[in-house]
Amino acid sequence: MFAMFRVFFVNQWASFLAYRVVFFLYTMWAVLPPLIYLSVWTTIAGGDGVAGWTRGQFVAYYLIFMVVNHLTGSIEIHTVGYEIQNGDLSARLLLPVHPGLRSLASNVGYKAIGIFVLVPTVLLLAAIFRPEFDTTAPMVALGVVSTLIAALLQFLVGYSVALLSFWITRADAVMQLNSMFLLLLAGQIAPIALLPDGLRQAANVLPYRYMLSLPVELFTGTLNASAAAAGLGIQCLWLVAAWFLVRAVWRRGVYHYSAVGG
Amino acid sequence: MTQLDTAADPVAPTITMPAHEPPTAAPGAGGRIHVSRLSKYYSVHEREAGLRAAFGSLVRRKYREVRAVDDISFEVAPGEVVGFLGPNGAGKTTTLKMLSGLLHPTSGEVRVLDREPFARERDYLHRISMVMGNKGQLQWDIPPGDAFLVNKVVYGLSNEEFHSSLAELTELLDLGPLLKKQVRALSLGERMKCELAAALLHRPVVLFLDEPTIGLDVTMQARIRAFIAEYNRRTGATVLLTSHYMADVVALCKRVIVIHQGKLLYDGGLEALAGRIAPYKLLTVKLEDPDLISHTRLEAYGELHHSEEGQATLRVLRAEAPSVTARLLAELPVSDLSVEDPPIEDVIDQVFTGDALGGWTGRE
Amino acid sequence: MRRHFAMILVFIRNSVQNEFAYRVNLIVSVLLTLVGMVGAVGAVLVVYSHASSIQGWTLTETLALLGLFSIMSGLLNTFISPNLDQFAENVRQGTLDFVLLKPVNSQFLVSFQRCVVWGLADVVAGAAVLVYALASGMGEGVGVGDVLAFGLAAAAGTAIIYSLWVSLATVAFWTVKIDNMTTILRAFFEMGRFPVDVYPLWLRRALTYLVPIAFVTTTPVEALGGRSGPVVLTVAVLLAGAMLYASTRLWRLGLSQYTSASS
């Protein structure tokens, strides 16, 4: 199975290299919106900071956010959704490997290549904005683990939404709704710690924080040990829930797809 | 009721005309076309396969000139229906695009309706139309009826003009049930009918048709052909048509222009073309005793084209056909005999493979 | 001119008829607009929960800006985006030929022939937010002159965003695959959500001189608040005119390339 994964990965790499410009542009999409909020918060923070956060801390937060955003983002609505709508999935279903594996490889491949554009961009922004880091090695390590889980979580959810294309034509609308929640509750418009009480409590319970914000919080060292453990625990729970979700949707979806003739 | 005769194609259904005879267009109603020494050359970047060649092409590019259309000239009188014949890549579509105004010629002169098509002047565009068999102007997800309304506004048709035009086209093409369905739900043939209607709402006087029957089933092809012939008859519009299908050309065009590798090879009548290139006839003979076919030496009468159960086909020079026929009837127990022209397809194939013409460029 | 208006009306009519046939789409689009607006207003409120004024902009002023942004975004989604996608597809499949053979300016047809009426929901939502912002404080002291200035600046902003789009579309004549470039234009456009003053100086300059989003949302709202002088307005109008002209020339260049008119 790993051999197949590797083959798809290499394949994807080759096809993406053909579209270098595409790469550059898609990575911009991971960078520019957080840049808006980075600017807003650093302006608000000014010299004195706000709510206990200094200007430099906001910069560090958002720069890490950009990287995590790229590494965890789901593109499945564009790839899988499209495949289902124009019937390409049929061919994939006949291969002795689950189409999800291919989608996952595609996802990873895209991010792996995008990194080459993203890192220089973030470094450049760091030089311009001058971030302040205050974190520990264990937290960074936990951040890495959390990023992986978050990426998987977003993949599974994104894949499930894309699978809705089996039944409806506007799965993209559902994805958009998902993205809006991510915007508000996953630490993009403001670090979750700065959200008003009601929203903050909602954010701690809903899956969105665990898709994007938690790794960033860990990397920037804003969580103490117990908060980190709790966060990771809830993240794993959401991952398990997402796994069951995608399995259920897949089974029903494929049944429906084959019933209507694919 | 008058019936449209499509004797050339036995499969064609007949179109019955309404009781009142629609007017035949006044002569000269269509547009005149003048083409002189028209050429279109492209510069194509050449690259060989292989990695080294790929790098090489980054540094130094090699260009090759492709002569898509090379020095062709012809005149088309108003109301004529002219067919362009030629294999793929011959230059037919390029020529048509230059005539409609989509492509700027490299050299030469072209005038349609006494205008330079390339200028795409407004009143020129009001009077022409182009239909392409493999591409359509109708959007996928709106019904043709709505698309027609767009054309109504685009061409500035008054309500009366629009409705009478639409009514006539609906009747001729049997569009009634199609108007409200989404284009994506129509079959290929239905889509083609709607494309034609959309293109003719504004009653153009010059019509460019690029492979209009491609991909359609035989019945639909015949219907489209019948429609084009009728449209030409009613409005006197000039029609330029390109096609792979000989049946299209045979049914519609008295005059053909053969284009091959960008050059104009022949311009004249279709029968004359066959007569010039393939000056023979096919005699098909059936003998009373079928077994006799294999025994008799038919080669004495003419070249054996092919033979099968109980019948044989001979190729005989035109001039000799009557005498050979007479001899066959006199010397053999013939039960059935027919004398036919060779199928146009075979004739044309020979033109394109260069067998028949060899360097000859004929003008009629 | 009248014919062009008639054509736009027919395009909208067709889109309405087409889209309204699907109730699901209607519900989905309205829902998306509402949720989107709630989210966007929520974002502004969260930001302002920690500051009462950012670079001289109050909450209501930023909300007014958001309203205008939503209006512009709605127009973008109704007319500009669908046509951009359609145009790239047309060039790719060679169906642009049909556009060229119509007796209407090809740039006009390509700009408007396809519209998705749902974007208008964003326009309505944006207008509602703008009116609300005006009603809750920002409207005091707004005179007729300010409103006129606003209208002028907003028109200039629309012309600017349209020119940016046409220029982007024209690239399709050469590279054909432009869906990625629309992503970049969108990302820059998103920056119009906040007043351009909140961005660091270099970004502010980029958004004024490089990709003039500043003139699309910030300038009109400043005009409404009576804060922009005649200089800025004149610059906006001149820039809009210059960009319209430049984009039209670029379009003609692309077209002549497509029809191989160059010698």
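Every chain is named by a letter (A, B and C) in the order it is written, and numbering of its residues begins at 1.
Everything below uses one rule, namely that a residue touches a chain if its C-beta (ideal position, glycine included) is under 8 Å from a C-beta of that chain, and two chains touch if they have at least 3 such contacts.
In this text, all values refer to a predicted model and were calculated from it rather than measured experimentally.
Colleague: Greatest Cα-centroid separation from chain A: which chain?
Modeller: For chain A, the chain whose C-alpha mean is farthest off is B.
Colleague: What is the identifier of the chain with the smallest separation between its Cα mean and the overall Cα mean?
Modeller: Centre-most chain by C-alpha means: C.
Colleague: Calculate how many whole Å lie between the centre of chain A and the centre of chain C, each centre taken as the average of the chain's C-alpha atoms.
Modeller: Each chain's C-alpha centroid was found; their separation is 28 Å.
Colleague: CA centre of chain B versus CA centre of chain C: separation in Å?
Modeller: Taking the mean C-alpha position of each chain, the two centres sit 47 Å apart.
Colleague: Which whole number of Å gives the spacing of the CA centres of chain A and chain B?
Modeller: That pair's centroid distance is 57 Å.
Colleague: Considering chain A alone, which of its residues make contact with at least two other chains?
Modeller: In chain A, no residue touches two or more other chains.
Colleague: If you look only at chain C, which of its residues touch chain A in the complex?
Modeller: Touch list, chain C to chain A: 24-25, 28-29, 31-32, 35-36, 39, 42-43, 46-47, 49-51, 54-55, 177, 180-181, 183-184, 187-188, 190-191, 193-194, 198-200, 202-203.
Colleague: Show me the residue ranges of chain A that touch chain C in the complex, using the header's touch definition.
Modeller: Those in contact with chain C are residues 19, 21-22, 25-26, 28-29, 32-33, 35-36, 39-44, 50-51, 128-129, 168-170, 173, 176-177, 180-181, 183-184, 189-190, 194-196, 199.
Colleague: In their shared complex, at which residues does chain B touch chain C?
Modeller: Residues of chain B touching chain C: 42, 97, 100-104, 118, 120, 122-123, 125-126, 128-130, 132, 135-137, 139, 141-142, 146-147, 149-150, 153-156.
Colleague: For chain C, which residues are in contact with chain B within the complex?
Modeller: Result: residues 3, 6-7, 10-11, 13-14, 17-18, 93-95, 97-98, 100-104, 109, 113-114, 256, 259-261 of chain C touch chain B.
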